[in-house]
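Both complexes below contain subunit A, partnered by subunit B and then by subunit C.
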Partner chain A sequence: DALLASRRSYRSRPTHGIGRFKYLLPKEVPKKRKEKVQMKEISAGTEYQYGDINIQMTSHDLCLVEHFAQYVHRLCNRLSIRVNESYAMPTKTNEVLFLEERGSKMQLDAVLTTHQRVVQIRGLSSTFAPILLEVIQSSQPEGVHLLMKQHTEADFKSRLKARPELEELLAEMS
Partner chain B sequence: AESMTPESLPPHALCCFSSCSSWLPQRVALRGSHWQSSLLGFRTSLPVRAQPKKKKKVDVKKEQAQKERMKKKLKKLEKAAPELIPIEDFITPLKYTESSRVRSLPALSAEESERRVLLLKKWCLFKQKQDEAEKKAIKALVESQQEALRELQLESEELYQAAILRDEGLFPFEREGPSYTPPLPAYDPPEGKCIDITKVYTQ
Partner chain C sequence: SAAARRPWRLFGAMCLLRLPRITQPLEKEEEEVAALMEQIELERSLYSDHEMRKLEEEEQLKKKMESLYDEDEARGKTVIMAQDLEEKWEQKFLRFKAAPRITDADKSNDRTSLNRKLDSNLMLLVKQKIGNQELWLLPQVEWQPGETLRSTAERAMATFLGDHIQAKVLGNAPYGIYKYKFPKPIRTENNVGAKVFFFKAFLQSSDLSQAKLKADYLWVTKKELGDYLQSEYLKKVNRFLLD
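Let's look at the complex of A and B:
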């Protein structure tokens, strides 16, 4: 008790701050905590505004689809449309086989990769939506498939890894 | 008489069978049939108390323990946060990082570099004109739309309110990109199939 009471700071005395040492140690960087991947709230939108909309661009050409996604993102920024997220969906690889003219064996033709980029916007007003659609359509490059739809939980879940053990256990429990 | 089924034959009808088994001592009551297991008559059994109940207890405990183990496993798995599937586009393949071969580009002549700079400037100007045209087009579209809505409001308030409401049939909207050439009229594609070989990631 007496020890605790004697911790008064005599600021006029030369012994002020005599026990300090933490300022001499190197600064500790706070540990980076892994951010949990959580689904953000999906807004439904009002009568005059659309909720969360996904603009999905799919193509076999990677650079083209990337540049188009960047263009759409910048366009939305310029038109002051709020962009929630701009992410890439996992690539799908397809092996294309074709039947030879004379023969029954399937021959490997090519290995095609399909890339998809998604730009998620919120708060698109009902009067501006057709204008935006028109602009994006006019600048759509060749071979890029455009799809605009409402954002759902299923869309978010398709980005996550499958957990077969968890599903098995859940099936067993119920 | 050998084609017997347990359910169909009543026990007392098989006295002939029991008489064949001569090793049975006469003291033991003649068992009606070999389907009747207890020494008592048909459809009666000794009051058995101890064993079946023990079995039930052990079963219930085992089941409870199993359920708890499953619940613990479930909790552990649920604690782990779900991970996003890694995107192969953003991972540079190792073969491009390992090798250390460097290309030496030839030196450009003055005319060539001049030509390139002028081309770049022309391209910048072209792109700027394109961008400005797009902005102008958007502005014109928005203005004409606003004017139309104003006129509509002056005409009838009901129609104006209906026009402002959002269109449910607009989404989902799908459109294929334009192609370089139109499809060939009488093209017979070879038969084939597509196999999906995307790598499946599990947590």
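Let's look at the complex of A and C:
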């Protein structure tokens, strides 16, 4: 009798599918490894529309630069300009060494960090671009460098880290 | 029949802006908020490395004063104490002198110099002869067929300030337009009136020593424009000026 297992959950029995639970969990989208985003649009003609434009803000003061980036982002939202991305580049640390040569060489150190924030914009019409530039320029805080340039592949690649092992293997293969 | 348009004479004018060099002073509310935020941040913050070091050294000094410790106890005796460093930095700071915000030109109210009012935009005004009157205007020059309006404005700038000016014109589209009809005695069939198109440019370099200024010129802020320009002209010009 024990071998028969008469209480097996068979398809006609009401206990069919009693242990199922995976249909209750939220759907998991499989992770994409590579993201190669290269979208550029320049529609030439009488109605100029710039493609992707990067507004880069660099400064030594972290709070200032972040607040300014937030301000620019919100300004573009209000003016209904589409903002693609708003990201930060890695900070660069500089050590300033003073070599005072008055008999004994003294080395006074100062550590400076340079921060950079980028706001990427798309769909800027050429009649509106100088007005936007003027507004941003006039509200620029002290000590913040402003740079507006078109987005290139090199800019995109500078955010990614190089993988030396992968490159070595590729070099070995080819 | 041929298109009987009322022909207008076209002029291109350039509004040359000198950008502010320093920020404007804070308003009363802004200053209060800034002081409050600083106090909050100070009370919430933790000690930095330098301050920790200073506290430790003060404790060590106190212990030395009270009971004589052996010299072996003091591990890694620092040659430079944190207090000395602080004093050095303070002395350096006192030696530093910032440039004055209110320059000489401000005090003498010399409107022809560029060093005035470093915290606001300055615009170039030139005295020009139109018809019979001599008026203060933004530099303008008549448009010649075959050239773009932007190049007319650049030519206007060049005639009054010389050829080598480092100014960046913003875009090809004009910022404003002012049109007026000539007084009746001068009006002919071909010349009803004039339209002036305004363009904006930013002055890149603040060095105008090479400029050959021919006519009377002034650098004025937006508020002072009312002293010189006529009311109708002023209304149209004010529309495209940011403060």
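The rule is short, and it goes like this: the second predicted complex is superposed on the first by the 114 of 174 C-alpha atoms of A that agree within 3 Å, B and C clash if a C-alpha of one lies under 4 Å from a C-alpha of the other, contacts with A are read in each partner's own complex, and residues count from 1 in each chain.
Going forward, a residue touches a chain if its C-beta (ideal position, glycine included) is under 8 Å from a C-beta of that chain, and two chains touch if they have at least 3 such contacts.
Computed from a predicted model, the values in this text were never measured in an experiment.
Novice: Going by the contact rule set out at the top, does A:Pro164 touch subunit B (first), subunit C (second), both, or neither?
Specialist: In the superposition, A:Pro164 contacts subunit B only.
Novice: Which holds for A:Val96: it touches subunit B only (first), subunit C only (second), both, or neither?
Specialist: So A:Val96 only meets subunit B here.
Novice: Of subunit B and subunit C, which one touches more residues of subunit A?
Specialist: Tallying touched residues of subunit A, the top partner is B.
Novice: Looking at the overlay, does A:Leu133 come into contact with subunit B only (first), subunit C only (second), both, or neither?
Specialist: Both partners.
Novice: Which partner does A:Ala154 reach: the first (subunit B), the second (subunit C), both, or neither?
Specialist: neither
Novice: Which partner does A:Ile18 contact after superposing on A: first (subunit B), second (subunit C), both, neither?
Specialist: After superposing on A, A:Ile18 lies clear of both subunit B and subunit C.
Novice: Please work out whether A:His115 is in contact with subunit B alone, subunit C alone, both, or neither, and reply first, second, both or neither.
Specialist: Only subunit B; A:His115 stays clear of subunit C.
Novice: Going by the contact rule set out at the top, does A:Val29 touch subunit B (first), subunit C (second), both, or neither?
Specialist: Neither: A:Val29 stays clear of subunit B and subunit C.
Novice: Touching A:Pro141 in the superposition: subunit B (first), subunit C (second), both, neither?
Specialist: both
Novice: Would you tell me the residues on subunit A in contact with subunit B in one complex that are also in contact with subunit C in the other?
Specialist: Shared contact residues on subunit A (touching subunit B in one complex, subunit C in the other): 126-127, 129-130, 133-135, 137, 141-142.
Novice: Considering only the defined contacts, which subunit A positions touch subunit B in the complex?
Specialist: 34, 36-37, 45, 47-50, 53, 59, 62, 79, 88-99, 101, 106, 109, 111, 115, 126-131, 133-135, 137, 139-150, 159-166, 169-170, 172-173
Novice: Hey, which residues of subunit B end up touching subunit A in the complex?
Specialist: Contacts found on subunit B: 70-71, 73-74, 77-78, 81-90, 134, 137-138, 141-142, 145, 149, 164-167, 170-180, 190-203.
Novice: For subunit C, which residues count as touching subunit A in their complex?
Specialist: Result: residues 19-20, 22-23, 121, 170-173, 200, 202, 242 of subunit C touch subunit A.
Novice: Which part of subunit A faces subunit C closely enough to touch in the complex?
Specialist: Counting only subunit A, the residues touching subunit C are 126-127, 129-130, 133-135, 137-138, 141-142.
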